[in-house]
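Working notes, beginning with the structure itself.
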Amino acid sequence: MSGVYKMVEIVGTSPVSFAEATKEAVKRAAKTIRHMGWFEVIEERGAIKDGAVAEFQVKLKVGFKLDE
Amino acid sequence: MSGVYKMVEIVGTSPVSFAEATKEAVKRAAKTIRHMGWFEVIEERGAIKDGAVAEFQVKLKVGFKLDE
Amino acid sequence: MSGVYKMVEIVGTSPVSFAEATKEAVKRAAKTIRHMGWFEVIEERGAIKDGAVAEFQVKLKVGFKLDE
Amino acid sequence: MSGVYKMVEIVGTSPVSFAEATKEAVKRAAKTIRHMGWFEVIEERGAIKDGAVAEFQVKLKVGFKLDE
Amino acid sequence: MSGVYKMVEIVGTSPVSFAEATKEAVKRAAKTIRHMGWFEVIEERGAIKDGAVAEFQVKLKVGFKLDE
Amino acid sequence: MSGVYKMVEIVGTSPVSFAEATKEAVKRAAKTIRHMGWFEVIEERGAIKDGAVAEFQVKLKVGFKLDE
Amino acid sequence: MSGVYKMVEIVGTSPVSFAEATKEAVKRAAKTIRHMGWFEVIEERGAIKDGAVAEFQVKLKVGFKLDE
Amino acid sequence: MSGVYKMVEIVGTSPVSFAEATKEAVKRAAKTIRHMGWFEVIEERGAIKDGAVAEFQVKLKVGFKLDE
Amino acid sequence: MSGVYKMVEIVGTSPVSFAEATKEAVKRAAKTIRHMGWFEVIEERGAIKDGAVAEFQVKLKVGFKLDE
Amino acid sequence: MSGVYKMVEIVGTSPVSFAEATKEAVKRAAKTIRHMGWFEVIEERGAIKDGAVAEFQVKLKVGFKLDE
Amino acid sequence: MSGVYKMVEIVGTSPVSFAEATKEAVKRAAKTIRHMGWFEVIEERGAIKDGAVAEFQVKLKVGFKLDE
Amino acid sequence: MSGVYKMVEIVGTSPVSFAEATKEAVKRAAKTIRHMGWFEVIEERGAIKDGAVAEFQVKLKVGFKLDE
């Protein structure tokens, strides 16, 4: 993976699962970041409402290559 | 989120996924704890039987507001 | 769980979810390791292609009993 | 400190400082817990509103002696 | 280990060893908690008096099954 | 907190306290970031001059919602 | 300690103490590994039965020199 | 900051705040250490008496330049 | 170091050493970031090809002062 | 525990147990340090000889009060 | 990187640098492991003799693909 | 390594590499400490000047045997 990469940290949310929250975050980041190559899960949390899980939240670092 | 909150630590289990194990834990906690607002994933483990994943286990901290 | 156990570290991959990646890793390990009893999630990462999650990766420690 | 102790985890909040949030949490815990002896700071976070810190939040473990 | 479990954090003390401090903590917890299944060591500390170890202290998380 | 969030890491400084350093960092970040919702303390350090604390430094992660 | 070394992770168990669990794990590993030189404690846990510690469990990394 | 530095670990206490505890620790260290340049907060704890925070305790690493 | 600072996370690569990978990352970051003052190593990894180290990778946080 | 304290880090060794290694380290430290009040276990390792544990090693931080 | 991977932990040594110690470890591992793809640095230590660094030691996890 | 050891924490600096910074720190420590046996890398950082790495900084713990 020669070159230099940048990491940005984002948080995705989903009512369904940690995997969906991850997908949401990456999809949104793709609107402004090109060349994303990988992600790393930093933290998993969520919201509870009326005694049930209402939202899965995943904090990610996303890595992408910088233009040379 | 003014006020004071308490965290309790629980472990949920599910044969399906980490997300389901999380939901199970929160649903059970709701039987005795009111005002739960959020959870934090502390650890993910699981049981293996006959060479296959038999159970997903998620250790959570759950936060809820204390009455004033 | 009296006796002595060994841990090995493996990484599973799946286009679907962290839970599926976990199952894949354990299924593959079962080809050469007997008596596996539990797993511990060490790290969750993944690959991104064309601005979307292409692969979920889960690093696991798997524990199994050593013959006496 | 012979004997056996229990730790409970609480989160205090304050618009002023981390120290005040700590004091609030301990004061509230004192309503239901006797013999508290010490606290350990686990996490410091806070809320931002209109571009300014609105609340300091301190997550604590509080230790107290169990009756023999 | 299907079902839902709760973890509580306790500190045991002993003038003899970390193992004894662990046993003391679990024995005391058994007075009020049923169905305890396992413990996890979180921290080991101790007190020194007159230039010698006076007390071993072990902080544990103890897990027990919640009734369904 | 449905939607996707971004985290940025900043360091605030103050000659007075960790709380003031936190406020300074958030106030400065507000010049270029809208919709900030929360912060997480990552590290606390400081500078010493002439044998006394000259500056409190707080490293924060700040979270804010991305436009959809 | 010139040369190259390999680490393997094992878990020892004992009804007596963490030290005995450590000895058990190393003794068993010696059946198949030669030239072991050191161990590092990774985790200490245990089993509880009938309200008392039934087993001490120690997770170790063991290092040994590879033949050149 | 060319040269070689030494770190020492100290614990400061204050009935007022973590910032004051930090200042106290550095002030005391200045009696015997010259050329102190920075500190790093390692741990924040405190004492509780009669259901209220009685003391803030801050564990610091302090760095100072060694004479060449 | 009065004022407010921002941290960005980058990954440098080099076929030679961790030090060279660090230099590459900082050199590239200098194209778009002014006033960089320090870096912190977060992670060291690398690529292996044909049984030999093919690339050293260093993940860094880089700090720079924000204009007032 | 008002006042200022210093922490020093030492490693004790024993052929018997972690508890004995701890005692040895504290006993030796007492030759040159007065007013020691507590210790914190940082790391547990050991030496293996001829396929058996030859030595338990415990790395400790020891805290003692500084004269005012 | 679809498929399943295994991680093994090794320690390389070199009198020259951390980078050389890393290369030595990977070169040795290549004698018995095929398809190695990446390494992760876990720990850096070293030996001192006669008041000078005598050896750099790097503990690595090495990942390689398992045959399907 | 029977006996009791002490650890001191030092920071070495070098314009060349992390390995050189390590050597510098150990060489300086050797002026006042005898019987140093090993070092452990705690942290790697550095200074940036004019958009380039100006200095590598390595924080080390150094262990040495205490006279009996």
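Labels A, B, C, D, E, F, G, H, I, J, K and L are assigned to the chains in the order they are written; within every chain, residues are numbered from 1.
In this section, a residue touches a chain if its C-beta (ideal position, glycine included) is under 8 Å from a C-beta of that chain, and two chains touch if they have at least 3 such contacts.
Treat the numbers as computed from the prediction; the structure is a model and nothing was measured.
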Starting from the defined contact criterion, work out which chains touch chain F and chain K both, please. I
Moving step by step through touching chains, the smallest count that connects chain B to chain E is 1
Half is the threshold here, strictly exceeded: which of C-K, A-B or A-C has more than half of its contact pairs identical to B-E by residue number? C-K
Taking each chain's C-alpha mean as its centre, the one farthest from chain F: G
How many angstrom lie between the centres of chain D and chain K, each centre taken as the mean Cα position? 43
Could you grab the centroid distance between chain B and chain G? Build each centroid from C-alpha atoms only and quote it in angstrom. 31
Taking the mean of the CA coordinates per chain, how far is chain C from chain G in Å? 22
If you average the CA atoms of chain C and of chain J, how many Å lie between those two points? 37
Enumerate the residues of chain E that touch no fewer than two other chains. 8-9, 17-19, 29, 47
Looking at the whole structure, which two-chain pairs count as touching? A-B, A-C, A-F, A-I, B-C, B-D, B-E, C-G, C-K, D-E, D-F, D-H, E-G, E-J, F-H, F-I, G-J, G-K, H-J, H-L, I-K, I-L, J-L, K-L
Going by the contact rule at the top, pick out the chain G residues touching chain K in the complex. 1-9, 61, 63, 66, 68
In the complex, go through chain F and note every residue touching chain H. 16-19, 43-48, 51-53, 56
Please output the residues of chain J touching chain L within their complex, sorted ascending. 8-13, 15, 24-25, 28-29, 47, 55, 57, 59
List the residues on chain C that touch chain B in their complex, please. 17-19, 22-23, 26-27, 29-30, 34, 36-41, 62
